[in-house]
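Shared between the two complexes below is chain A, which pairs with chain B and chain C, respectively.
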Partner chain A sequence: MSSLYLALLAQLATYKKRLWEPLLIVVAIFIASAGLTAVTLINTGASAQLNQLAIGDITVSLQVTAKSARSSVTRADYAGLRRQGFDYLVAYTITPDGGIAVDSLALLSRLPAAGTQGDSGLMSSVARQGYQDLNQFYQNTVTPGSYALAGLAIVAELSPQSLQQLQAALPAHLQIFPLTIKPSGSNLTDSFSLNLWAMGALMLLVSVFIVFNALNLLLAARTPLLIKLRQLGISQPVLLQVLLLEMWGLASLGSCFGVLAGAALITKISPALSKIYQFLLDGQFNHGQLSLLTLLLVALGLSLLAVLAMGVIVHSRLRRCLANRSNQVAAFSARFNQRYRFILLLIIGLVMLAAPLIASQLQALLYIGVVLIVGCATVILFMPALLRWLAAKISAVRPLWHWSVHNAVALSQRTKLAACAFFIALTANVGMNVMVDSFRGATEQWLNQRLFAPVYVYTDFAGDLSQQPDVPIPLLARYGKDVRIAGQLTELRSFPEGAQFQSRLLLDEVAADAWSEFYARQGVFINQQLANRKAFRVGDTLAIPGETGLTERKIIGIYPDYGNPKAQVLLPESALITNHEQVSAYAAFANVQQKEALGSWLSVVAPGSRLIAREDLIEQSMLVFSRTFMTTDMLNLVTMLVAALSFFVSITLLVMDIKPQLLLLRSVGVSAWRIKLSLFSQYCFIAVSCALLALPFALLLAWLLVNKVNRFAFHWTYPLMLDPLIILQSLLIGLGVLLVLMALPLGRLEARFYSQQGAL
Partner chain B sequence: MIAVSELTKTYAGASSPIIDGLSLQVKAGQSASIQGASGCGKSTLLALLAGFEQSDSGSINIAGQPLQTLTTSQADTFRKNHLGVIFQQFNLLECFNVWDNVAFTARLKGNYDKARQTLLLENLGLAHHFKSPVSRLSGGEQQRVAIARALNHQPEVVLADEPTGNLDEQTSDSVSNLLFAYCQEQGASLVVVTHSGDVASRAQMQFRLHLGRLQAV
Partner chain C sequence: MNRAGVVAGIALSQMTMTAMSQDVGRQSLFNGLKADNNAQVSVDNPVQLPQDHAPHGAFQIEWWYLTLLLENLQGEPFNYQFTLFKFARPEMQSNWGDGYVWMGHSSLHTKQAHYFSEKFAQQGTGVAGFEASPLQFFMDNWQWQGEQAEQLLPATLTSSAQEADINLHLSASNPYVLHGDQGVSFKTADGRYRSYYYSQPFIEASGQIVVNGLEHQVKGIGWYDHEWTSQLADEEALGWDWFSLHFDDGRKLMAFTMHVDNGDSYTTGTLIDAQGKTVTLGPDELNLKALETRQVVAREIPVSWSLSIPSFDIAITTSPFKAEQWNASRFAYYEGAISFTGSHNGKGFMELTGY
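Take a look at the complex of A and B:
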């Protein structure tokens, strides 16, 4: 016990002279923890927004539901409760295809817009939000008996007293329970969720590297003292305990303060986030999903886990504690020998070759993890080699430059874990930006091609407007019908006939004589979502349900259909004109005068119809696009900032170690300004070599996101567009953040040179 | 070559000056040793001579340059061209091997000469270590590298702070022999701060620093 106490005392005594060491380590862990907390809270806040059931303008957060899986909410329960005056209860259920069916009639009295919209308006409003009417759902063979109600949504904001009253009135088998629903098939929601999930995982990975880098730096700083203590007879287990105790203390301190800071930051920016979400997602950013206590406990637990994992390295370091320096150098050199690099190159080759074998979304995400880990190994093994190669190219005639590059090699070997965190953030940033840019380009091109008319009409009109006798200009109807093809719920949609429209259908794959087969009703075009879901290829045959049974049609082309989660088949207009179920939109080739006339006509024939110009439609679609990626951009930036801060802390710590060398440079007449420039150039060498190594991995990541993650998550892909400007911009933003941070402490460096004069 | 007159330096908060009207003259090719108790101001005197610190009064004239009139950048250039400094803790550039460490000052000054450096390293017993990383050398070898670096650019003045403080007796002898011989040969003025009587005795002028002034031993 006394040796433990003495060792601890000796360790703590170093704080008097080198307080900056533990302080910077606490700061590094604090940054990682704050970043992870912020990303987690943004993530949960955004996810909660997605998972909330919004009916009309009311967000529903509570429901009455069965207490156990053995019981259920019955129609009698529903009727009974409504009779008792609880008319804010609205029955709902989840349909087999993942949609939501609600009791639309019960909603009438609850929604503020009911009075002004009328029944049909409200119904269509509910329908537009993607909800089905419960009474329509329970038809034919589907009954509440065979397919139970999921619950009774509480469509009101209840006071605690009202909740108590409801609680008291509930039958024994029912309870009040939070309502979180994720309606599947909502436009781009899955994409958004996946992005949030991926960014959270990325931040976690970056944080792991940051924490281990910080602990590794502490271990490096403590090693000389450990050697002395070992030489004085303190046993290895005691030293291990002391070091782990210090590590856990510092990690806990950093992580807990980080959690508090991250939570405070999100609380501070919550109103701004809410405004952004309201504007872009028509929803509220729901902060406070995770309690602070939970977050603090998780932070303490993760700190303990990290320190225990670090214990393995500490144990091995302590065994070598009495080894002399040359042995350590030899061991260090051996670690970076040619054999390891060859093995790594082999692994990189194998990883590349394995890419086409990815066959599921989980495999794709795991593969991305493997790519990032292999990338980190590349940084560890090749960054010093790259800098060494550069050092060999710099002439010794320029001694300061020569020293800068050589010292950068030394720094790069000691900052490899921090470099890995930065590498991951930079790779993800570039990869995501290339992917988003490709998606944006493809979507824009697709929209410009598919929206061929200057004006579009969206309406709830029950019939076919294009067949109305007094229509002022010809309207091209887009007829639709939903069927099941090969077990897959599929939209049948019409495509206008005529050679002038052929170029308006962007096709990934197309058969010879496709259009003549299309017009002859022998062939159909299918979207990527159907092709990828069912592994259909051009030339395969589809059995399409029709009025007279199944009709065989050849697949003559596959087209992109971005943003649509559903499978779709295009038929000639004439094939659907007589047996369609709905008309999703009308295209009108109208000039300004004709548009006005059409508008006036619609206001009489189909009030509530929307007449939207092509440009506005494209703009709205691109707004949906922006909203999908805005949060992920923000999370990406936070990750980048956290990684750059950690790198900065790491470098600052190491530069303090080379102060004697800086003093030497001053003594031989190198000006303070040139030393600062030299140090900054070293940071640049490290950052740029990290960026160079990140680039190929970023492009691979972009390819994976486009061709694998999108393919399995949303069943669509698009061409990968490598815009040098976007790539350069993404790299420069990452490098800029890092270099600005690293340049900040250089301004104060001069004072430190002179503080070393005691050495003279 | 070194002319110091009535030099005074008082640290902020100190009751008495650490250097108090000190004067010293060391001509080209001459050597001076300075001994004294710990904390008596030996290192401060070297810092003043190197231009790292400014004196409160008095003058320092080295190689014809009055140090107190130099701007920061002029002082940097002065050190690069005229001064060689040897540190007790060696202060080697760890990322360089022996050759590049020694070549650094000469390359900086612009008088790098491969043959001269080879001879210097051979004379210092480092012929077999040209390519060795400095971290693999023993303490004595590291100090010899530091001495070679301080001499390689042929400075007119060499300032050495405990150059043998970390060395064993035998190595200390050989290192100080080389240092004194080389400075005499090159016509450089040498000022050595040391606790070692042996090292001090090799200097042509021997002083003890006491109460801020030099006393001849």
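Take a look at the complex of A and C:
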């Protein structure tokens, strides 16, 4: 024990002179933990909210449910509890198709009446969120006896005392339990959550690389001390324990501060996240689902597990350190010969061919994982070859350049882990940027085409403003109604009739003579979301519920409907004018004077209405668009920072390793500045090679994100736009971050020379 | 009588209420349901008691309505309204419920505050309904519990209104009063709009009202109505102004004006003497006129009225207990206590719908 203590003190004593390495480890783990904490909080915050029963402003987190699968909540239980005064209980069940049926009347009692009229608001709110009424579900042979209630949702915020009272009143077979409902059509939420977890996994992968690099650095720096301690009689197991203890201390420090920083970051950006979720998923971001203490304990536990797992690696490295004084970089092994490279090329070919077979979002994400792994293998196998090929082109007449390039080949062996991390980060960054840029371009074009009027009116007015007798200028109403088509909750929306509007509907696919069929009410346009969800094609027939039952309509076109998570069908205006539930907006072809007159009229007839110019609407929409991608941008940046830091750690290690060579160069009269330049050029050489290899994989990733992940997550796609400027910009930002960080250890080089020369 | 129930019943048809009336700026409250799709109100089948205390499933709309003018031991007023409505919604009939929606309103006014609660539930689920023996109406823990089979009174009423809990004993010594012709009450001159309608205007109430944890012993007088019909559900029925008055000399008066689109308003009433004998008053005998309006929740509400019955030398003017007696329910309406002076003094309740 005393030897362990003494060895630990000896190790810690090195901090006085060599704080740099442990600090790097702490910072690396700090960044990785902060990123992972942010991803975890975003996911739990989003999914917890989205998995709750939510009607209007009411969200439900608790329910009364059966204690075991052998019993169930009965209608008598429901009535008994409500008649005791627990009128905040609302019966619900999960339908066989995964939908939710609720006692809408009980919910009606819980909703504030102010500002509402009738129950139409509630009913449409219930319908919009895909909930049925229990009366609709319990029909024909389906009875509460044959198909039990799932539970009684607690639609109120209860004090601990009220919860106790409810608990005391419950029959023996019932319990209070957290409510975790997955609403029908929740594949959207699942998909979004899966996407975020995939990004978290990407960050985890990158952080693993950085921790490996940090470990290398620590062991390299400690080698002389470890040898001395071993010579003094400290056993190898004790040294291992000391190293692991120290690693755990550093990991705990880094991870705890990382958790705190990640949590603080999420708290800071919660309002922005809420807007994103509201826009993208009709949901809310609910910060505070996980307690900080829980996160800290998890971080400490994971640090301990990771350190124990790394014990195996540390053990073998320690043996090598103690057995061999030399820490020189070995020449790149030729073990990856032509055969391996051929196999890798074959695998790349197979992976490419498999892309069209992807049939679900999970498959798409797994495929992305495979692409990244294949990419890393490419980096490991082809980068040294690429560098060697380039090195062969550099003449020995320029000795410093010759040495630089050949040394870069040697360095590529030591930097392979860091290069892989950088490769992944760069691929993700370029791929995401190309995807987002394509989406932005498609959205902007779509908005410009669809918003055809100079002014739009948004209002809560209960009636139809366009039918008011004193309306100062004609208003074009966008009528709406929500129905179920083929079991899918679908928006019916009106599209204005008139040849001048035809060009305003951007169509991916269209039938011949589509518009005449549309005006004749024989055909309808559907959005990509409905087409992709239900595998509808142009020419198929839809059964649309109407006043007199189901009406069959031919699908005559499929249009993009970006940002809308819901399925939608466009009908001629005349089909909805007398048969609509709401008017979502009005278009007004108004000049400046008419706009003023319209504004004055609205302030009297429909106070609170918003009159928005087309340009402002486009600007606001694009602003929301930018906000939407803030999360992914942030995660991308963190990933890039982690990768760059990993590379930075490797470079620090390399500077230590090639110290004798650098001293030799200095002694033969090469200036410190030229040595620095030579070293920096080597780093650039490796980084640019890595970026060149990353580019094709990044473009493949962008294609996958647009045509596969997006297709299965949100049910819409858009054209992939390859803007060279965006690609170059993404590459340069990645390289810039890396090179700035890598330039830092070079500054320390001069001081190192002088200290070495002084020692000589 | 509580016509707000009719409003709610029709509006529950989920139709958007958009049509504007051409008459006196009132909004059309009826949309979608027709008046002829259910049982008929007819003098051939007059009101029969006690059987007719029970719900009438064949009719579209029904309500049980109680207004109480109570005071605590210190003489502070506690004016209370309790109403249960029942609507036939055959499209909701299922294995979950039997297609009748119940709505409950509980409204308590003190000098300083208004407590109001609204409930919805479906018959057949066990949450709301009626038991005959002993007579019982219930919605959740709100309960009208009779003491005898089929008999409405004496009874115990247990209810709540937000932070107020109400527990009252109700009784009456005089007989029930049938309005119109044997309980068939005509709302328009042509008889197109009509309902079954009887009252118990001689209610005596006592009990406890707990407001925010403070218990008040209360007692006072009250008025009970029961009404059912399928002949009020029409988009042309716009609303009404309705009064139940307790004269200091022991007499009672029910009076209302019904407003319909494309037709004349119709005023009628029933004057009841202290022993319960009734005289039906026609439009020529009863005059109702709004005297003063106030802005209540952005609406012009006539809060003060003149009422005269020349043949009985009655000429009175009403004043509201408070101007703000608006029930901000899902189907909002004005409902509150009033007092009156003039040829006679007394107090009562006023209900105004369609504003």
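Here is the rule we go by: the second predicted complex is superposed on the first by the 429 of 760 C-alpha atoms of A that agree within 3 Å, B and C clash if a C-alpha of one lies under 4 Å from a C-alpha of the other, contacts with A are read in each partner's own complex, and residues count from 1 in each chain.
Throughout what follows, a contact is a pair of C-beta atoms (placed from the backbone, for glycine too) under 8 Å apart; a residue touches a chain by one contact, two chains touch by 3 or more.
Keep in mind the model is a prediction, meaning the values are calculated, not measured.
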item: Touched partner set for A:Ser671, first chain B, second chain C, both or neither; value: first
item: Which superposed partner A:Val142 touches (first chain B, second chain C, both, neither); value: second
item: First, second, both or neither for A:Leu344, with chain B first and chain C second; value: neither
item: Touched partner set for A:Val605, first chain B, second chain C, both or neither; value: neither
item: Touch count on chain A, higher of chain B and chain C; value: C
item: Which superposed partner A:His406 touches (first chain B, second chain C, both, neither); value: first
item: Common interface residues of chain A - those touching chain B in one complex and chain C in the other; value: none
item: Of all residues in chain B, those that touch chain A in their complex; value: 43, 46-47, 50, 52-53, 72-73, 76-81, 83, 85, 87-89, 91-96, 100, 103-105, 107-108, 112, 133, 135-136, 161
item: For the chain A and chain C complex, residues of the former touching the latter; value: 75-76, 78-80, 82-85, 87, 91, 103, 105-106, 108-109, 113-114, 116-120, 123, 133-140, 142-144, 462-464, 581
item: Residues of chain A defined as touching chain B within the complex; value: 325-326, 329, 396-400, 402-403, 406-407, 409-410, 658, 660-661, 663-664, 666-672, 754, 757-760
item: In the complex, chain C residues that touch chain A; value: 11-12, 14-18, 92-97, 101, 118-122, 125-127, 138, 140-141, 328-332
